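I've put the structures underneath this note.
First subunit A sits with subunit B, and in the next complex the same chain sits with subunit C.
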Partner chain A sequence: MKLAVYWTGSCGGCDVAFLELGPALLDLLPKLEIVFWPALVDAKRADLEKLPKHGIDVALVNGVLRTTENVEMAELLREKSRWLGAFGACAHLGGVPALANPGEGIAEVVFGPGFRPAPPLGEAPEDAPPELLPEALPLEEVVPVDFVVPGCPPPAGLIARFFAVALAEEIQPGQVFAAEKALCEECPRTREERRLARLVRPHEALADPTKCLLDQGMVCLGPVTRGGCAAACPKAGMPCTGCLGPTPKAGDPALAMLSALASLVRAGEEGEPAFPEEDRILEGLVDPLGTLYKYAFAKYGRPLRRLARRRQEVRA
Partner chain B sequence: MSGFEPRIVAFLCRWCASAGADLAGTNRLAYPPNAIPIRVNCSGRVEPQWVVEALKAGADGVLIGGCHPGDCHYVAGNYKARRRVYLLRKVLAELGIEPERVRLEWVSATEGARFAQVMSDFVAELKRLGPLHGNGGPK
Partner chain C sequence: MPETRPRLGVFVCHCGKNIAGTVDVAKVAEIASRFPGVVYATHHEYMCSDPGQALLKRAIKEHRLTGVVVAACSPTMHEETFRRAAEEAGLNPYLLEIANIREQVSWVHSGPAATEKAVRVVRAIAEKVRGNRPLRPAEVGVTRRALVVGGGIAGIQAALDIANAGFEVILVERSPSIGGHMAQLSETFPTLDCSQCILTPKMVEVARHPRIRILAYSEVEEVSGFVGNYRVRIRKKPTYVDPAKCNLCGECAKVCPVRVPNEFDRGLSLRAAIYIPFPQAVPSTYTLDARNCLGLLPLCCGKCAEVCEAKAIDFDMHEEILEEEVGAIVLATGYELYPKEAMAEYGYGTVPDVIDGLEFERLLSASGPTRGEIRRPSDGKIPKEVVFIQCSGSRDPEHHKPYCSKICCMYTAKHALLYRHAVPDGQAYVFYIDIRAGGKDYEEFVNRAMAEERILYIRGKVAKVFREGEKVVVWGVDTLTGRRVEVRADLVVLAQAMVPSPGTEELARKLRVACGGEGFLKEAHPKLRPLEALTAGVFLAGAAQGPKDIPESVAQASGAAAKVVALLSQPKLAHAPEVAEVAEELCSGCGICAPQCPYGAIAVDEVARVNEVLCEGCGTCVAACPSGALTFRNVEDEQVLRMVRAALAEVEGVGV
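And now, the complex of A and B:
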């Protein structure tokens, strides 16, 4: 199988994630012909351009699309590949780097007004770094994506399953290599549906080792997130932050999760006298966008954000 | 912003708010006709997804009308609705959308006049905020 792996706006963790396969790599590698993988082999864009259409069987892109060059590379890989997949939460949903989206002109904020990418001293203008896109985008916004291997980074079990299916030539269009059911289904913690009298952030409490983290007031996205990781984070005492993406049933993970929280929060007997205390508990949801849209902002939060931004432009 | 008529989607619970709206009609009370009413069984049935969908599809504001505290036909649906709206407004504010565009009001079946007042107030507020879809409609 001719394989290409490419990174756009990513941290590099997705490239490293393949090593998690461990000894299974020894069986896998002889079956792969790596035609392009900047983290691993020395092949340049020009080599990619020389390949015939569909000269790659499967291309995996990790990272959010952040620059004009990212877009060009995504389009080039699309053209050269029979199957193109989003690998990891950034390519899938935008991921953590897409939380930059709410910031207006983030480069100007960081580097000062009038900032523009410039070439290194003495170099030609075309050697300047690529322009930033106005918004960080998931892969599917720019090219058709055939399948997704989700996660931050994708867990080894899902990567192994992906390779088994790809080598058997059995990828289904639109396939997401994770469970359709919620993470809670594979979480060993016990759920009591306790009422939440407070919300706590992970560093504010030591989690009970066996009880449901949500029951303990931690904002665990398990109920709205796909399973597939064997609940790795909850097992380690950390609430799920949603890296495998929402279940098909949940849709927008932030809206689905805020419904769940609203149902669980209680300040004693329900009724008008309890309203102020309920509000105080709900205020415990600090950083709602960063918590509820940690990985999915580009895909789900951006449409509303764009509406708000267009409106600000009209007003100005 | 002259001539701007806000578009409102109003989710009204069947037992109170919707009955209140009917009463406003039978009493021939005048109020601005800016809302598309959608009758739901209970304010607690309104999913945040619906509210956001309405805003994305072209609404300038969304009204959720339920029974007064203690009166919900399903006991506590309105309390859940209140907590949902509280969190949803928090999220909208962070996205840069004025939280006032989503409004929760209690209207009983006998409060036709109150329903008319709620509509007038909301329309006035949305006129002050201006259109959500800057160009006068969704693209």
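And now, the complex of A and C:
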């Protein structure tokens, strides 16, 4: 199988994640022909351009699309590949880098003046770095994506499953290599009568080792997030942050989770009178955007951005 | 969503001028005929009339309609009418929806904008119908037995009515005898019937009824199940006396060394640890009050058992947990008086000669601690000046209860009148805010008290009551003359507010029945469904639902009983199928939904499961479900989004 792996706006963790396969990697490698993988073997864009159409069987893109060059590479890979997949949360949903999207022009501020090499005196730069996109985008915004291997980074089990399916030539269009059910299905923690009395951040409390983290007041996105990682974080006492992306019918994961949290705060109450103390519970949700949209803002947060922009316009 | 070439019909109703006077109904029908999927659209003067329904039925058949929109009044009015008609024409009734263009359009808008909105509403509902699936109501059997909780007059009446209609009744009463507060009363207003004389025949009837089982000294522990199929756990406390053997000789009480305040006499007399609340008690037996008995554990007294010739006393009796299945439940848990200990302004209940209305009833009662002579608690003297204070704790949102307790005006008039009969040379004063005597012969009764018995009614509130020597001093104000009033009384009677009996909220929780802000059981609709709780199969009777007098309680109990009988007479119960549904292949069993459900319809093990019969279709769980595994039948997200788009899209051809 001719394989390409490419990184766009990425931390590099996705490339390293393949090593998590461990000894299984030794069985896998002989079956792969690596035609393009800049993190592993030297290859330039020109090499990619030289490949015929469909010269790649499967291309995996990790990272968010942040620059015009990212977009060009994505389009090029799409052209050369039979199957193109989003690998990891950034390519899938925008990931952590897309958390910069809501801050208008934040990337310009950080990368604009600071990181461009100064041209020689009096000269225009010869090889200017690529332009930044107005916002970080998931892969599917630019090219059709055939499948997704989600995660931050994708867990070894899911990578292994992907290769097994890909080598058998059995990838289904639109396939997401994770569970259809939410993480709670796999989580060994036990839940009791659901009700939220307070919200705590992970560093503020020592989690009970057996009880559901949500019941302990931690914003665990397990209920809204696809399973497939064997609940690795909750098992280690950390709430799920949603890297495998929302379950197929959840829609916007932040709204779904917020709705669930609000329901739990109110659970068991007979309605009419508003309880200010209980409303205050939700104030314990520090950084709602970063918590609920940690990986998914680029994909789902856009209406929110539009709304914010419209509000600014109205104010102006 | 089934999308194989829908064939929709749209029927726009004129409702006489109600809709057609504002909305251009012909235009709405014409525009609707061009909606996607619509094959037939028309308008008619009264869709709900026989010709209107005939038109609907004919069109369904002739045009082979797969979905229908009736644009008319609110679905609460005629949804049922049209769905039945559709069913008769061979269309699944859940493929018919109402577009409300009366209450939500013609009655609240005017001009061409009304027609435009009508088009939008019809278009949105047409989109909904396109996504609707045919549904079938769920069916479930009925346990033909009722549970009545509370053995006061309301519970007694409900139990009798249900039993007389041929159904078994379990009557659960917390205290040792049924009868409730009515058994404590002396005479009843406005006729001055002796309360016990009219109550005890009913109690006897209950005791003798072959279809009524009395579980006295018992409480409801747990309720599970749903309408027609409730499972109830009842805790029966031990009475340590076998009612079948007890011959009521009373020797046991005579030898019992214990004396504690007698609850039936509101603490104005003493009783032994083994006692019968009052002679006509039902079940007719003595009860050993384990908390006050010396000899139960360890067995060190046992005097009562020694003298009991009938050998009815059994110290080894144990608490029993009974499991019963019932189809319907009547809650008639009654009221208690707001404690006078809560009345700071009237001495916190520490002044012995400041008593509440029920204590005064016991003083008036021929079977009471004073055998009907009015003697004040402190020294047993006959009080010559008695002050009655109405609205004590009622109608006082700042300090006490905001509501009117409804019966106090009447019983205070009765108290004052009976006092004047008993103590002809005594003077009675009544402090009142207003006199509320709405009821048959009520106003006349109060007038009689005022005029014939020369009772002094003073309009004003009492600011302070305190003891001074042998007197109880009452400071008040007469708001009609604007003067301060001081009465040096011998006895003060407080018409305390009525509150739900203790434990009402706890019981309501067990039954998932709502309580209002003041703890009274909440009816499903204050006007149209006053006898039912929102939980199907649970009915309300008597003062547990709100302050009311005896005739009202009895009327409500009979009404609730009629509802129970109607329910238990159904061969099968059908339940609307428009309920929440779990896509089990998507549900992770996170359990966020279960506590949201006000009806306890969701159980979660590996996945969540909705009990279709319990679910009332409120949709709260659907909103809470984070993974989108819960959906609402025929109100799915996709449908709603399409409805929103349809409602917001441009409307052409109306000319706004």
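Quick notes on this structure:
Note that in this section the second predicted complex is superposed on the first by the 280 of 316 C-alpha atoms of A that agree within 3 Å, B and C clash if a C-alpha of one lies under 4 Å from a C-alpha of the other, contacts with A are read in each partner's own complex, and residues count from 1 in each chain.
Following the convention adopted for this analysis, contacts are C-beta pairs under 8 Å (C-beta built on N, C-alpha and C of every residue); 3 or more make two chains touch, one makes a residue touch a chain.
Predicted model, so just to flag it, every value in this text is computed and none were measured.
Judged by the touch definition given at the top, the superposed model places A:Lys53 against neither subunit B nor subunit C.
By the document's definition of touching, of the two partners only subunit B reaches A:Glu313; subunit C does not. Judged by the touch definition given at the top, the superposed model places A:Gly251 against both subunit B and subunit C. In the superposition on chain A, A:Gly222 contacts subunit C only, with no contact to subunit B. Of the two partner chains placed by the overlay, subunit B and subunit C both lie in contact with A:Ser259. By the touch criterion defined above, A:His203 lies against neither subunit B nor subunit C after alignment on the C-alpha atoms of chain A. Contacts of A:Ala182 after superposition on the shared chain: subunit C is touched, whereas subunit B is not.
Residues common to the contacts of subunit A with subunit B and with subunit C across the two structures: 251, 256, 259, 263, 270, 272.
The touching residues of subunit A, counted against subunit C in their complex, run 180-185, 191, 193-195, 214, 222-224, 227, 246-251, 253, 256-257, 259-260, 263-264, 267-268, 270, 272-273.
Looking at the complex, you find that subunit C touches subunit A at residues 514-515, 517, 583, 585-592, 594-596, 598, 620, 623-629, 637. For subunit B in complex with subunit A, the residues that touch the partner chain are 47-49, 52, 55-56, 69-70, 76, 79-80, 82-84, 86-88, 90-92, 94-97, 130-135. Within the complex formed with subunit B, the residues of subunit A that make contact are 102, 251-252, 254-256, 258-259, 261-263, 265, 270-272, 275, 278-279, 282, 285, 288-289, 292, 301, 303-305, 307-315.
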